[in-house]
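Presented sequentially are two complexes of chain A, the first with chain B as partner and the second with chain C.
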Partner chain A sequence: MAANVSLRNVAKHFGAVKVVDNISLEIEPGEFVVLVGPSGCGKSTTLRLVAGLEQISDGTISIDNRVVNNLAPKDRGVAMVFQNYALYPHLTVRDNISFGLRLGRMSKADIDAEVTRAASILELGPLLDRRPSDLSGGQRQRVAMGRAIVRNPSVFLFDEPLSNLDAKLRTQMRAEIKRLHSRLRNTVIYVTHDQLEAMTLADRIVVMRGGVIEQMGTPKELFDAPVSSFVAGFMGSPPMNLTPCSVVSNGDATSVTLGGTEKLSLPPAAREAINGTEQLTFGVRPEDIRLQPREGTQPINGLVELVEPLGGESLVHVRVGDDLFVMRAEGRTTVESDRPITLHLDMQRIYLFDRKGGRRVYHDMEATS
Partner chain B sequence: MSGAIESPATFVKQPVRASKWGEVIETMRRDWMLYAMLAPALIWFLIFMYKPMYGLQIAFKHFSAFKGIEGSEWIGFAHFMTLFHSDQFLRAISNTLVISFYSLILAAPVPILLALMINEVHSKGFRKTVQTVLYLPHFISVVIVAGIVIAFLSPTTGLVNTALRALGLEQVYFLTRPEWFRGIYISSGIWKEAGFDSIIYLAAIMGINPALYESAQVDGATRWQMIWRITVPCILPTIAVLLVIRLGHILEVGYEYIVLLYQPSTYETADVISTYIYRLGLQGARYDLAAAAGIFNAVVALILVLTANKISRRITRTGVF
Partner chain C sequence: MISTPIYSPGDRWFGRINTALLVVFALCALYPIVYVTSLSVSSGDAATSGRVWLWPVEWTLSAHAHVLQDKLFWTSYANTLFYTVVGTLTSLALIIPAAYALSKPRLMGRRWIGFFVAFTMWFNAGMIPFYLNLGDLDLLDSRWGIVIAFAVNAFNIILMRNFFESVSPSFEEAARMDGANDFQILWQVYIPLAKPAIATVAMLCAIARWNGYFWAMVMLRDENKIPLQVFLKKMIVDINLTEEAAGAMATQAYSLETITGAIIVLSMIPVVIVYPMIQKYFTKGVMMGGVKE
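Here is the complex of A and B:
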């Protein structure tokens, strides 16, 4: 029983401060949508507007084709999982999970059946009689999800549910949430500031910045075709290398200068796209920088500043003039710190952004797809 | 040890000392500032709490001011026997227990209810006003409170009796009638302290994670359900601890306020252990007998505190110690 969720020109201000500014978003039934963005960009507020924990200042929110602007949270068919779990410390796991059900007129047998069902989905059976204080972080998180599941909501709302867990547990719980979604198929709106979580979980990602939607699309779309340097710098780990560059036109050829010294000549399509703009940001993903020349690459020279071994690969930080580039070196690398190095940039995969406003002005989509 | 105040000396290997005391002296030398800050409280305890204990021995002596504490002769438990054969002392014990019991069941819940009510007030200005009005009586001296109560209940000019007369009822001599004493004592005590006592519960309520309420709101809980299913259970440990403290003090009804309110005609219900000791010791100069009464009181109180703490530990997993 998944429902669609639709936000039309939704705004929220606290006093004079606009926290959410004219957001429009259509979510399909059963879709897993992740709101991602830096801290303070209004993700939680947006989620709380959908939940009904905050009153919207302007616009319309509908759930299941029904305008819910003035409906109480409980009548919206949503369930929310909070960042710090929000478990009742004085209640057992069983009573925590059934809290919402026990408020109504549901029979004891029905409640027990629901709790048993949720416990089996989340493998909470053996923990039902414990108190939250006797549980690990991951277990608490599962209890919080159990409390949401028993309400049979048409929309699940998650507010940074994994941010209090350590890295390993986070990976595990991420998989569990994904499994849960593929089993229950409810609509999910999931808030996180972690782009990796967004990439791995989402059917569709909504990148927010300063209360507005910067871009939305599938993880692949955002990764391959970021509309702005902000999105480009947010997605990917490590994110895209972004550096200001100056444009030099010389007759037919146009080139950009990186780090003050290194010249790269732009493909003809890029020359047209930038159309005289001089203040540009040059972008290249760490994956598109190589140590050996290939077809379509151009070299720049720099100095290795740091080699970060990650096991199967290494991140190499290279200083080029005033700029710093990060690249991935596969396998065991012979690169060492404080040595000169030549990087080969795949010019078919570069990005150019307008430095004012950050909009993308050039990228060769065909090369990426 | 907390790292902040540790001096570099910690990291220098000290020569092994022969005794444990050497180590203690060493840490005291190193953290002398901490000990200096502790000193005033320790000195206060020594002078005003521990040193007088020396004099407690007079409870077991036939004390004579001329012979002094040392010189007076031992008489064992004779004073205790005297006390337990004294109707006045037994009456004082029973009065103390009755007054304490009624305060416990009538006065203890009031600050909790006040805190719950204050917490539901959402208008900031109104809330501040309410809190100020409630806290104010705490800062009035008991002498003045007693004065207010006496004036209020005065048979001729008091507000209550004036009202009774206006209604055509007979006036009541409240403060001379033993059956009125407990009610007057407890209700004026509530008026004076309940507001201030609510602060601690209010602080406990403030400490509850707001997400618990939001989660309950999404689940469809009403305000009423939130109070009973979240707020009250969450402050239960605080309630339990304060109850333990109160139970421990059940034999300690303060004498000042009672001395100000009672009179011989109300001793029957008003005379408690502390006022009895006060009259016996300070007015009657029977220091040895008063000391014996005091020791008895303290021992029973200690047993009560320990018992209450144990019960609290078992029920709420919280205790004072």
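Here is the complex of A and C:
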């Protein structure tokens, strides 16, 4: 059965270092929440605090409306899948999965039934008598999930479970985790540094930075309405083009200069939003740059530095003065390196961030809604 | 021999010299075993006159027969087996939990405890205070005295601790999530993972017990409690001192040298049988404990 998870003003200090700094988060029963952020942002520590593998320094953690601050991991109703699988190498798959059940002195018949259930969910039946060393990375990860499933936890905790897999297997396992969640509907807290995993799996994403929550919301909210240049640069692949720009006001018209030479007129709403701020970061997603003009676009000129063909599409890297812009082009694009090019930026979808604090000062929300 | 073209002439010479040196070392280790075995199955006359240097001369098993007929030989053999088996198990029972605890950063005072354990590797109270201490604890002339007095060795604790430290903490955390307590984690997770290291420590303990001579000689008065090594020494002394025995030997096919050889060969048999079976763990274990991956 799924449970809600509540973190209120939770902090974790290692000596003077604040790894998690006063975070609050409410997770609904059955919700799939992904904690994402760069290395050292505190996401794994937050997960370990929920698991009970670390003692919190301050605040309250509740699972299923019960404060669990001083409960042992086994008593919290959670199960965890580790980054390195943590399968016991001396035990068979069957014994790995049933390890916790045997410790709990469950009857053999019940253990067998639970192992069979987990094995059928994860298609592990033919592997039950093998040892972890005889399994592939994906199979090991499935065994690790099986070990979690048999405990019938209210909350699943995943600590970067796919980071040791190759790209193809990662895609397969991502779909498998998604299917598993659809089937079991348990609450899931999932840690990753891969924004693609976060976008594809999450009901809600929590972006962390320096031990605090930078932003939380649905994948679409984070992608379309990042609150800061940090979130904007973190979500999306390739990430948003972010470049410092200078603001030039000339009567009623306000423009920004990119790459030291290319001028773009800002929409009237942007003019009001920036309210005299001169130090800005200009942002535009690769998807919002085109090779042909359209209504609402403005041109900038540059030089093609690199074309990366990805099959279905190509990424075109364009040097504009001192700045580099990346755009998506179709797979069969005729764009070639070292050629001049004109890019057309969709000005309805641009972002402006305060360069000092990184906070977003302008974006036309209606354009992306 | 290294001969692939990717090696320079210098590398090849290094390989040849290495091989030659290793062959010499291997012969140095092998020769005493071959010699003493040949001695034990040669005639007393051949051994005394120095004609045995590699292969047996005037083959006979009379020295072995003489030793095997001595009741005290079997008593001392049983004692040695007791000291080795019970002593090693006792050592493991104490060393493994101590090493596990010392490998955990959450152990309060870990650095100090670790320091005091390591301190005993370099400094100890000395032989006489140690002997007096054993006397005060009523451990002299007692089989359990031998077992308890040498049960714990700092080097073995550190070797074991290093291995435990090299085990990924995820195993412990996964077991803790599954509801295991510290004893269950140690018994069901760490000990199976530590088989190579345990085999290494067990081998080191067992060899020390099997070859233990000095403290057994000092501590034990009752000859029914002496181990094989002390029996060997006793037999040599007895034979030297007893003219009657020496006179008897003149009429026998054995001598002091062949009897010594026979006792050494008989005492080697269990080690020769057991060692190859755990050698793979022994070498792997030493490396695993010494290098943190």
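Annotations for the structure displayed:
Keep in mind that, in the parts below, the second predicted complex is superposed on the first by the 368 of 369 C-alpha atoms of A that agree within 3 Å, B and C clash if a C-alpha of one lies under 4 Å from a C-alpha of the other, contacts with A are read in each partner's own complex, and residues count from 1 in each chain.
The rule is simple: contacts are C-beta pairs under 8 Å (C-beta built on N, C-alpha and C of every residue); 3 or more make two chains touch, one makes a residue touch a chain.
Being a predicted model, the structure only gives us computed values, none of them experimental.
Aligning the two structures on chain A places chain B and chain C in clashing positions.
Contact with neither chain B nor chain C is seen for A:L266 once the two complexes are overlaid on the shared chain. Of the two partner chains, neither chain B nor chain C is touched by A:V143.
In the superposition on chain A, A:V231 makes contact with neither chain B nor chain C. In the superposition on chain A, contact of A:G100 is made with both chain B and chain C.
In the superposition on chain A, A:K74 contacts both chain B and chain C.
Contact with neither chain B nor chain C is seen for A:L128 once the two complexes are overlaid on the shared chain.
Judged by the touch definition given at the top, the superposed model places A:L343 against neither chain B nor chain C. Put simply, chain A uses residues 51, 53, 72-74, 78-80, 82-84, 86, 88-91, 99-100, 103-104, 147, 151 to touch chain B in one complex and chain C in the other.
Against chain A, in their complex, chain B makes its touches with residues 209, 211-212, 214-222, 225, 229-230, 233-234, 236.
The part of chain A that touches chain C in the complex is made up of residues 51, 53, 72-74, 78-80, 82-86, 88-91, 99-100, 103-104, 147, 151.
Touching chain A in their complex are the following residues of chain C: 168, 170-171, 173-180, 184, 188-189, 192-193. Note for the complex: chain A touches chain B at residues 51-53, 72-75, 78-80, 82-84, 86, 88-91, 99-100, 103-104, 147, 151.
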